[in-house]
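Chains: A, B, C and D, in written order; residue numbering restarts at 1 for each.
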Amino acid sequence: MDADYSPAALERLFTALSNWGRWGDDDEQGALNHLLPEHRVAAAALVRVGESISLARNLATTPSPENPSPAHHHMLAAGDARDSNGIPGYEAARDYVGSDVHGLGVTHVDALSHMFVRGEMYGGRPASDVRSDGARSNTVMSMASGVVGRGVLLDIPRLRGIDFLENDDLIRRTDLEGAEAAARLRVGAGDIVLVAWGRDPRRQARRGAFDGMSGLHPDCLEWLHERDIAVLGSDGISDPMPGLAIENWPFPVHQVGITAIGLHLIDNMALAALGERCAAANRWEFLFSMAPLRIERATGCPVNPVAVL
Amino acid sequence: MDADYSPAALERLFTALSNWGRWGDDDEQGALNHLLPEHRVAAAALVRVGESISLARNLATTPSPENPSPAHHHMLAAGDARDSNGIPGYEAARDYVGSDVHGLGVTHVDALSHMFVRGEMYGGRPASDVRSDGARSNTVMSMASGVVGRGVLLDIPRLRGIDFLENDDLIRRTDLEGAEAAARLRVGAGDIVLVAWGRDPRRQARRGAFDGMSGLHPDCLEWLHERDIAVLGSDGISDPMPGLAIENWPFPVHQVGITAIGLHLIDNMALAALGERCAAANRWEFLFSMAPLRIERATGCPVNPVAVL
Amino acid sequence: MDADYSPAALERLFTALSNWGRWGDDDEQGALNHLLPEHRVAAAALVRVGESISLARNLATTPSPENPSPAHHHMLAAGDARDSNGIPGYEAARDYVGSDVHGLGVTHVDALSHMFVRGEMYGGRPASDVRSDGARSNTVMSMASGVVGRGVLLDIPRLRGIDFLENDDLIRRTDLEGAEAAARLRVGAGDIVLVAWGRDPRRQARRGAFDGMSGLHPDCLEWLHERDIAVLGSDGISDPMPGLAIENWPFPVHQVGITAIGLHLIDNMALAALGERCAAANRWEFLFSMAPLRIERATGCPVNPVAVL
Amino acid sequence: MDADYSPAALERLFTALSNWGRWGDDDEQGALNHLLPEHRVAAAALVRVGESISLARNLATTPSPENPSPAHHHMLAAGDARDSNGIPGYEAARDYVGSDVHGLGVTHVDALSHMFVRGEMYGGRPASDVRSDGARSNTVMSMASGVVGRGVLLDIPRLRGIDFLENDDLIRRTDLEGAEAAARLRVGAGDIVLVAWGRDPRRQARRGAFDGMSGLHPDCLEWLHERDIAVLGSDGISDPMPGLAIENWPFPVHQVGITAIGLHLIDNMALAALGERCAAANRWEFLFSMAPLRIERATGCPVNPVAVL
């Protein structure tokens, strides 16, 4: 990590990029405020071929190094007990699904209550707002009406002509600008920006082993802030793993991005299929749609975001 | 119930409306096959004002008569344990969410493995395909890429000039046709049809008591089949509750709709806000988007569908 | 409630009965300290007929008014998937069980971390020791080696010649003394005292309706403390339900018993069968054994205590 | 494995040791039928020093190679939300615990519905009795009143003067007889027999790595059957891991022991502390007590068995 990314530099960044109060003291939308109706109308107009593509990984129900606490999928009544409801003629299966919300394996969106810096959340709300019986502010309900807008894919390995980035090869601001230029568009207000570093290809090349992830260098944060994007997603967690060796700032994109800027982050997306379609058409923008479950006190939610081309 | 809806009539309907084999022996998409890329393109063009509206109820975590087994939302680390990850400076909250997939309270989509008629699922697959360790066919993965297309709201109480239907006041084929005519559109191939009977207003009028629901009369099934719709949703469960008094056919929309026609059903939607917007604009069609989690062996999933106007 | 049970009287009682520091500053056993090896030897000698009786209710998996959040019992592999392990010839069923620890339905034991008075637990430990990722002191591990000793049943309705007590008919100190006298024994150091008010008979008489429970009047607390009992159990929750109308002291047995005295409480026991056996033999003491699961950070545990006669 | 333990030999063993029908066609107790009231009385008389020792491991909540699906322990209300009940003055913590019932990590007891041989359970009941909504016969309710009797520890490594057995060093019938002789007792009707191979010492020597377990050779089965024991427990799973290379009979103790003999098995016990106490006193018998939760349709239960010396 560069000398200029000292803890003090991160402190300054945190202050400089803070959106606290920008949309009023009660605001819990953060950067989602940038996403306006007109952006949705424009995003809908991007649909050309009518193909819908999932940007989520399958919800794993068996453990793996990147996901040691996988989801529960339990049948409550399978085909053998299809009569368990007791209503003659009514034959039905029922099931239960449960999952950790965060982590390194599940495709999920982070609400603004997921992160704290020195005990404070976005907007200066105290950590005590996230009680053991659920969060009282900055919850996933900020996205209750869905996040629908223009999605932009910045596919860094493709830009560089490689299959994937190594863990210590971070994505820089210049990469984002380069990918934007190559895509012949300008990332702007209200965009949902998806940054790929090549997680799936790397996993395949490593035969499934999990030893970390590439991610965004902190110098990307200013750019993301300048461009007024609404949401940031990644095939990793946006931050590299393991975290950076900056004292107290191991995960700057989470710490500055969520807490200062008010960015909702989408972690562990599946972006390989989208990358192929975008490359084939040489179009990197699309209609994006994602709607977390309406869990009133949650700090995030597993999701299945889709791109419509 | 009319004399002409005898068990024998339902049998005939089941056979007459069957789509088994229509799209090949391996098909697990059912009526979703009607939803083509061109429909998505056309649906996207319906976005005018850029407003996104949630069609889901909040995921209840406390029990109620209509939802006796509510969801679990458990904090794994709240604000008081934001340091629980052990990484200096990294302060994060984590949570767990679990839910029954089906029932009368949770907004969810039924996969084609949810229902059986005499031990068979859509396509003639055996009940034994839905094992106690998960479904092997007709799973929710049919919708893994999202369900995106034209949504049409048929708001029956509004058509009739009332606030809500009583439980024994069923929605007939003529109601659907009437609502369609009033909406000045034609329900057609690939549409996601949402039928409202006024659940929220009725609940309010009844002060929260739950004593059943209105729903579709079986004579709607032929119409839905003729029109080649892709998905059917309702603020109830499409079938009236309690079930009809037709021997062995208590829930014809589930039994014939899911199993014969191959319709994915969305149950327990929140349609009141959408109804108001549609009425105000006098436009009843919109871009619809829904993407269940990618749970490989599930028979359905809680969802938060959105309408984009 | 008597005039002499003012909030101030409860305050005095709390101070007077406090065992904080009695067994050292690090003590987390509370009144379990009274239960000595010699008591176990003596208790074992009470076994005469060799009958073992369960003192637990079935773990409900369907909701009821007294247990709105019942346990989960999910099959992971039933008979239909007995081959799911993939080992030829190995045919096995597997399941999952989950339960709330406390409440009014599940037979469970309260650890000393279950209750606080003005933010403090037994021994003066702060509420912050019970973090959202688990309790750090006064956990159920106090009972990790099992609670084995002399059990004594004080069956109040039988003493009074009635089937059950009404909710507002509280058990007084004189009742406990009367039952003790009738049992021709003396409750003493290390005893596990089980007090029955007739929950099951009352439930039966009320046809399953749940409208509250009888319990111990606060004047019992001094007696329990004087006698140096180790554990208190009840077919209710020891406190009457709904709570008493003493400001800030709705549940004195929980508040003073657990927090000041350091009593582990067993709630929602099934005592009817035991009562019948004891009455038939006119013997009210027996070997008692209970062993909560070793959950390192739990504030209690569902249990199945047994009496051996 | 010896030549004489061919699949055909196991078939013969299964038939020869079968207790099906021995206690009537309706019997679901299996070998528990051997444990009579007189055995409980005699077992109680074994209590000399009054020490109670847990025979369970802590319930792990983090994954490990031997326990990839650990328990859930979730706080529902920690100290920070002790007021969440809404009753003034009532400050309480609440939690939830959930666990897989079987596996290689959790101390648990297997009910007779856990195992099948060619689709049949103990007593000839069909696999279809274990439905996806729970078992209908041979459930854990067989032990609802608790398992209380004489426990006998057969500590094989101590007998051999070593710390632990290697995986491929199986326990033979001669080992059991040798340990019995060294203990100067005779294993007999109704005994709860606990066989240690040194799991904890081996784990320590291997620094926590998990690569399998020793266990009982099938030639032990005849001996266990001849002696009419009631229950078999082990610090492993009684069978060695990975399973034996006998076609279709990978786990003979589970397959013959549970299904033919009707033995309830206790897996993954913690026997090291008990071994030390027994060796110090040179007494290998004790009062044993275990009481699984009363889960009506379960195939087993996590337990905390105790030995009282």
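List of remarks:
To be clear about the criterion, a contact is a pair of C-beta atoms (placed from the backbone, for glycine too) under 8 Å apart; a residue touches a chain by one contact, two chains touch by 3 or more.
All values derive from a computational prediction rather than experimental measurement.
When the contact pairs of C-D are matched by residue number against A-C, A-D or A-B, more than half turn up again in A-B.
Note: centroid distance subunit A to subunit B, computed from Cα atoms, is 27 Å.
Subunit B and subunit D have Cα centroids lying 47 Å from one another.
If you average the Cα atoms of subunit B and of subunit C, the two centres end up 46 Å apart.
Counting partners per residue, subunit D has 72, 75-76, 78-80, 96, 128, 131-133 as the residues that reach two or more other chains. Shown here, the protein chains touch in all possible pairs.
Against subunit C, the residues of subunit D that register as touching in their complex are 36-41, 44-54, 56-59, 61, 71-73, 75-76, 78-80, 82, 87-103, 113-119, 126-135, 144-148, 243, 247-251, 254-255, 287, 289-306, 308.
Interface of subunit C with subunit B (complex): residues 62-63, 68-69, 75-81, 84, 128, 131-133.
Here subunit B touches subunit D in the complex through residues 72, 74-76, 78-80, 96, 131-132, going by the rule given at the top.
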